[in-house]
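Letters are used for the chains, namely A, B, C, D, E and F, taken in the order the chains are written, and counting of residues starts over at 1 for each.
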């Protein structure tokens, strides 16, 4: 009976019930359930948020041993240790740490993205640049709020409204903040239809919103093929630090457009992307361990993130108004807010607001230009910040 | 001509023909051909058994260098060596050693499993518990037959009738027995339609078998979504050692049920699961190298495995009879044997036997409850054994 | 303002524009654009060539840091370094270095290959052997042109007209030549319809080309299942060094033919193969870094490659003529040239040439026999060369 | 790890099966709570219809699912649902149709 | 890495947004060059029709893409395009057809 | 590894091509044995029809495979097989049908 007592006692000791040393673990479990609610019921970017929330749940259940933050906080990760005594989420996290997952997600994004509307109207690129304003506003705010430079830069990139870019930058500059930054980035992307419209209506006049735009010219196949190659050469030359992101985005796009690699494009968009999405989600979620996540910093990040999204929207809209003025009213400034990326949600918001002002207005394709340009814009801003703080 | 003689002699020396130092290799090749026959012709769990048998074939062809058992028998695997001089199957085996494959298989299993019938009739869980009896009977028998505790526990888990769980437990407790245990587990799962019916008929009366069960209530979507989350929290808290299995099973199920991640659920069930199945099969097969496989232990394992399956069936049936008695004849005890897991084969056997006794009997959905509960039951039993012997 | 000057100067310094120290990088970028043109416009094996060319582009953009040739040129690769400071293409290259990619590609090739025509007419195998002549002619030529033995052997295998085999052999014997050899191999495979017809017309008479062949006997399912198992046992016994290639090819074929593993066969042909193709392409391309690629050796390799393809064609045709003579005109020698592999292009060329000579001639299925035999033939030749020079 | 004797192993096994029962019994109670909670929370929500994928599976072989036929404008233009069962690799020679609805242009 | 003060960060941010503008403006010029070049190079080439995948996406729910109907030999033999939307997991009860061409036997 | 001279390489090459011939010739004999054995073993088994996937490939573009039409209850209700070639990404405007069988309700 001695043995039985020992076993029962040992089971209890080794169980997570005894392991809950810290009420913050319970708070984290509740937070992850709330994120699951947002993902599932409110449809907040569910493909990633469900995985992130579940990873967060698993990592905060005591004793689960699925993820060991101590392995990853070293200056030089000891991969030998990871392989020997890592948990499942440690193994999956290797793909985050090495930057493989964000790159492969971008491969799929490239294969899914039609840059046609942007090629058709290259001025879109300027709107895609202007809508990165929030990144720099957030950078300043984060410094003001006391974050060190590298962390501030990682937080700021939330304003790029681009999940993989944010994850890529954060895992280099401030990996210990990966959880809250990724969650803020994906949550606000899902909230675009709530965040943007009030700002759009505040900054534009009814008359501006009613502007109908000319139909876009059609883009030849040749242009669509040359584009990803040229962008790769040019952007990687200027900003080598974002070569993996831009390279993969453009390779995916080339697979899509070249017409002879459809099966690769299909796999990049589907099987490969889904697999990486599952792995990325749970392993990013795993970094949100209670001891780090539950801090004032997380609340600040959530706050700065909203600020960043708003100012990116403002940047795009103001530049849209400028272009409207310069083009003598041919450009509807509402397409500016689509420059934040968050493809294709932001473009849809432009479409909806435009149609509210003028039911015969059809801005979607015009907004897709700045929208996809915003992806490139965020990557460029990321490259700049990686240079400064990397 | 000197050179030519040297080359021909060298070719002979380096070939596997000269390398057959041991007739056991030939026996192993024959055994793997027999397993291929079972998998292909007899349809014994072919998705895994064909791969296992082929891996076994490759590993026992002399000099192939595809798998090096000496790398994996060290207390601390030297991954640097594996990367430098490993063979293809060594690389694939990393996924077994780290427990990634069984977890990812469970992700797919979760995405394929409808827990509805179990939610509809929660008492099924008790049948899923009772049908783990064979695990513990096998444990005792294995100890009696002289196996050390850790090996006995790994062998016992065959009685869980759950391939990934068996592989997961064995690679932790007794990796050198992975080959025979995996082969026994998958073979007996395929033999369920032969093993169970005689026991079912012996332990139940005609009258019991004729019992028709009430239709199951429908389960709301909300229940199906809350279920995987709640199970994860609860089970991982109690048994952290099976967190990877239960976590992945429930994440997969959440992808399936939440309604907003269909593409992830699809990939988890198909592309990802198939890829992992291929890799898991051949690398598990590779461990069945002649020097280890051909021993009295293997024969004992095969024997204990059959014993375990039988006693799991008995456990489920006896508890089914108890529930039949307690419910005053509302529960057909035949659904108890489905608690062994082996989804969905065991449930189909219950259906068939029920219909034999009463042609208007339709037990399939009622048997699916204990059937999927058995998966959880095996994982719980695995957690207990991992605690005791891990 | 001091700071701004520093940042701008630093940005310039860190950019690839300042990093172009060597005009050869520009040449390489142009070459990769030319390869993209060949892949996309001329449809030269685009599934691999687009990836290879893009990898080549990325690796030659200065400072991109995506690939570090210095990691891989060590006798013992330091994987710890690779994990810590590798770039994306370094990580992907691990699959080349370990031989995993060519093996998995062969798994897919096996699942896509119908060996039926070869089983139906086993003499095809002799044509598949004869069409490896170019390998050995190229070996002699490469030695004459001054290459060391191991490099010569890697170059020679281009004559096998089999991409994965060439990559597998090269990464073992002469990894620093992987770029040009892979590019030559895939380019010439695409050029088969240009290279072969003149040789075919030169070596055969009109009368020979007009020969119509008897219909092939049908092959039973049992034969198709036993075949991959038997070939694996036999070939791996004789040539253990190509066990990964032959093993995977035959496992894939078994998945295809056994009738009970369709989902594995499907994944091996599609999702898995496409993923590996993407990774293999870009990481092989990455090895083509300017400092190595732009050398006289590359030009020699291109030249030897053409020579090798031509002599393989000659070998197949001459043996075809011999078989025609021995069979008293029952065998059309045009099917001999299909023995070079390059499935199914070479077989189609035989069909087209046969039909030109005699419009009612239908050689395709007869040519598929030598065609798939050529894959085995190349692997056997690879095993021989790996034994001699490995 | 300790090596247990046979008698200890028997004790341990009894403990083990009891542990499994306890955990699964608690899960059973859990599910009852979930059911109760979800009934209260999602009160009006009607029970989930069987998942789409299940339906497809059920109808797999050559049938056409629950297609409904409405507003067919012309009798001559008969409606046929064809299941292209290429994924299922089943022969295409079985066809069942229930109803097809034509949406307005 | 240096820690910048708040004022330096503001300067840096101005520099940063300017950098983004410059890079994207150059890209804009690039695209104009590409457009010009591709018009010269591929002069006769007619503009790409929207990619097939876009079309499929656009027509996703239960419609039948831009199928055209030609040479239908018999009015009685009406033509129906059925989209087996199993991949899309959408109900099969919406059907739109535009045109179907029958190729000669 | 030894470096061989040119003459040695030539010798080696002759040896090499002979080796390939020998291995493939033995394989040829092997296949003959397999054929013999499988005829004896699976005597009654009729030869495999071409694999389903081959058929699909052969019929790929817009055709409908070997669908057979039986028991069509009403001439007015003509039967059309539609290949939804979304996987093949081919236009849906080619259609060939041979026969369709309608299974009983």
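Here is the rule we use: contacts are C-beta pairs under 8 Å (C-beta built on N, C-alpha and C of every residue); 3 or more make two chains touch, one makes a residue touch a chain.
Values in this document were obtained by computation on a predicted structure and should not be read as measured data.
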Of all other chains, the one whose Cα centre sits farthest from chain C: D
Furthest chain, CA centroid comparison against chain A: F
Approximate Å spacing (C-alpha centroids) for the pair chain B, chain E: 45
Interchain centroid distance [CA atoms averaged], chain A/chain D, Å: 33
Cα-centroid distance, chain A relative to chain E, in whole angstrom: 22
Junction residues of chain A - those touching two or more other chains: 7, 11, 79-80, 238-239, 270-271, 384, 388
In chain E, residues with contacts to at least two other chains: 4, 12, 19, 53, 76, 78-80, 82, 84, 89
Complex contact set, residues of chain A against chain B: 7, 10-11, 14-17, 19-20, 29, 33, 36, 39-40, 43, 46-47, 50-51, 54, 57-58, 61-66, 79-80, 83-84, 86-88, 91, 270-271, 274-275, 277-278, 282
Contacting residues of chain A [partner chain E, same complex]: 114, 116, 118-119, 122-123, 125-126, 128-130, 132-133, 135-137, 139-140, 143-144, 148-150, 152, 217-224, 226-227, 230-231, 234-235, 238-239, 256-257, 315, 373, 376-377, 380-381, 384-385, 388-390
In the complex with chain A, residue positions of chain D that touch it: 4, 8, 11-12, 15, 19
Interface residues, chain C side, partner chain B - complex: 76-77, 79-80, 94, 98-100, 103, 107, 225, 229, 232-233, 236-241, 243-244, 247-248, 251, 254-255, 258-261, 263-264, 266-268, 271-272, 384, 387-388
Chain E-touching residues of chain C, taken from the complex the two chains share: 3-4, 7-8, 11
